[in-house]
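Read from first to last, the chains carry the letters A, B and C; within each, the first residue is number 1.
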Amino acid sequence: MDLLLLFDYIGTFVFAISGTLTAAEKRLDIFGATMIGFVTAIGGGTLRDMMLGDLPVAWMRTNNYFWVIIAGVVVTIIFKKIVIKLKHTIFLFDTIGIATFTLLGLKKALLFQIDPAMAILMGLSSAVVGGVIRDTLCNELPLIFHREIYATACIAGALIYLFLRHFAVPEIFCELATVITIIIIRIVVVKYNIALPRLIIKE
Amino acid sequence: MDLLLLFDYIGTFVFAISGTLTAAEKRLDIFGATMIGFVTAIGGGTLRDMMLGDLPVAWMRTNNYFWVIIAGVVVTIIFKKIVIKLKHTIFLFDTIGIATFTLLGLKKALLFQIDPAMAILMGLSSAVVGGVIRDTLCNELPLIFHREIYATACIAGALIYLFLRHFAVPEIFCELATVITIIIIRIVVVKYNIALPRLIIKE
Amino acid sequence: MDLLLLFDYIGTFVFAISGTLTAAEKRLDIFGATMIGFVTAIGGGTLRDMMLGDLPVAWMRTNNYFWVIIAGVVVTIIFKKIVIKLKHTIFLFDTIGIATFTLLGLKKALLFQIDPAMAILMGLSSAVVGGVIRDTLCNELPLIFHREIYATACIAGALIYLFLRHFAVPEIFCELATVITIIIIRIVVVKYNIALPRLIIKE
């Protein structure tokens, strides 16, 4: 439980870094970078909570997320060269964040009595929507729609969770299996450069 | 009533197809195409429900919409050449979808005691917001803002509904008149290539 | 109180004008321009209310905002040359709008028991999100992320409000100080062309 919360903060922190870095590539000013850092970190959870009706949205009910995000943005601005060099470490933490966000979104949707098929979708969108908004605001085609298949990892992880839970496996093992599945798939995918087929329609 | 529900599913199915086709033009991968199919189909209803406070959003309370959308995406991916050739049929079903979404959005807003002027707006946005999100995510200027005047058809249909209801015309006739008005206007508009004047400001 | 409401309508009116003008630059049709006028004017408040859970969103509970926006759009379309020439006046009213939206967003968030740090964020997003959606829909990099620092003005104004309120200064003075601070900072910033440093990362 506490570990999950820690992972949640780690994910928020790393998502804020990724938003700030994307903003820097677009040569935004410091305010713009901070805003992109914020929407990247909380975009997915915000949409999830607005759709489920868990309002005010969860991240606004404590100020922890706020300061974690500010820390992510400030660290990126001050130590930008170091942050860029640490890209393997960031990739690992980013993957932990994605796995955690998926799991938390899935669990919350189930708590709200949402059908498992759509609960998976809620888990997925908790993990990916922040990045989609980041890319859209930066006027880019969202990365997740055409490059990397981490969404597939999230879906696989969510299915594992539902499968194990169905057989009454203790919650802690369901959660561990989910997070580990997502992390392993994503690392394998990136290492071997696996991509989903593009959808090409010739008229 | 049941017919309206059937039309709602038809609209959802066709909107999912249209999203998938747009994604294919942008050479997204299969996951990206599925996501675009989803947001096109449920984007309008989701925003409407989030604004009205009908939460969790309606399409998540049953899994029917989920599977209708998946079907639309899968059919498009497998039979893409056939789907493209059927464009006149798709256009017809798309128009039925738009008409139905407008009517359902309007009715729901009135149920939530929203003033008729804004209930029209809710009907309209139920019908068009999915397409706007689709185009924005695909990094295009939303089609509806500069090309086709189907929004005008939706507004006309909504006005007909309010007008007839004001004179206590039975609900079923109000609904039929609305849907038929929207369908006819849109077909005429497309057939004769009618467009709204562009707003050009020379400085 | 009444003055604040008047300012709110002025802001809504001017935001609708700014949306319509941006749409005209993009050569959208009249419907598209009206829609952009709408989202510019109500986008910030809508997101704020959806995040806080104040539903249906506030501007839909009366039809005043609807007609103020329609008026803004129509005036812009009919008197477009005059509107463009009045840009200094519009700038002033736009600034009043930004200041008012910030104050109202901040106050509402505090009313919903949101922590001050995030209440500032809610004030800020009430003021800027409409413009961000406008630019994103028009396929532009949002202006506020890279050009003008009016966000800084909003944050400064919000801090003044919290500071004065902390020392039990009467509400009316807190509000006046906030609005005046935001207006003055923004005018100074634009007059002397002050910009935040860009975030540039060389790899």
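Heads up, the rule we're going with is that a residue touches a chain if its C-beta (ideal position, glycine included) is under 8 Å from a C-beta of that chain, and two chains touch if they have at least 3 such contacts.
Keep in mind that what you see is a predicted model, and the values were worked out from it rather than measured.
**Student:** For the sequence-identical pair chain B and chain C, determine the rotation angle of the Cα superposition and round it to the nearest 5 degrees.
**Tutor:** It works out to 120 degrees.
**Student:** Specify, for the interface formed by the sequence copies chain A and chain B, whether it is same or different in terms of residue numbers shared by both sides, with half as the dividing line.
**Tutor:** different
**Student:** Please compute the C-alpha centroid of chain A, do the same for chain B, then give the distance between them in whole Å.
**Tutor:** Centre-to-centre distance between chain A and chain B: 30 Å.
**Student:** At least two partner chains per residue is the criterion; list those residues in chain C.
**Tutor:** 50, 53, 55, 136, 139 - these are the residues of chain C that touch more than one other chain.
**Student:** Hey, which residues of chain A end up touching chain B in the complex?
**Tutor:** Interface residues on chain A, with respect to chain B: 50-53, 55, 112, 114-115, 117-118, 121-122, 132, 136, 139-142, 144-147, 149, 151-152, 195-201, 203.
**Student:** For a test of understanding, state which residues of chain C touch chain B in their complex under the given definition.
**Tutor:** Chain C reaches chain B through residues 20-21, 23-33, 35-36, 38, 46, 50, 53, 55-57, 60, 62-63, 66-67, 77, 80-81, 84, 136-139.
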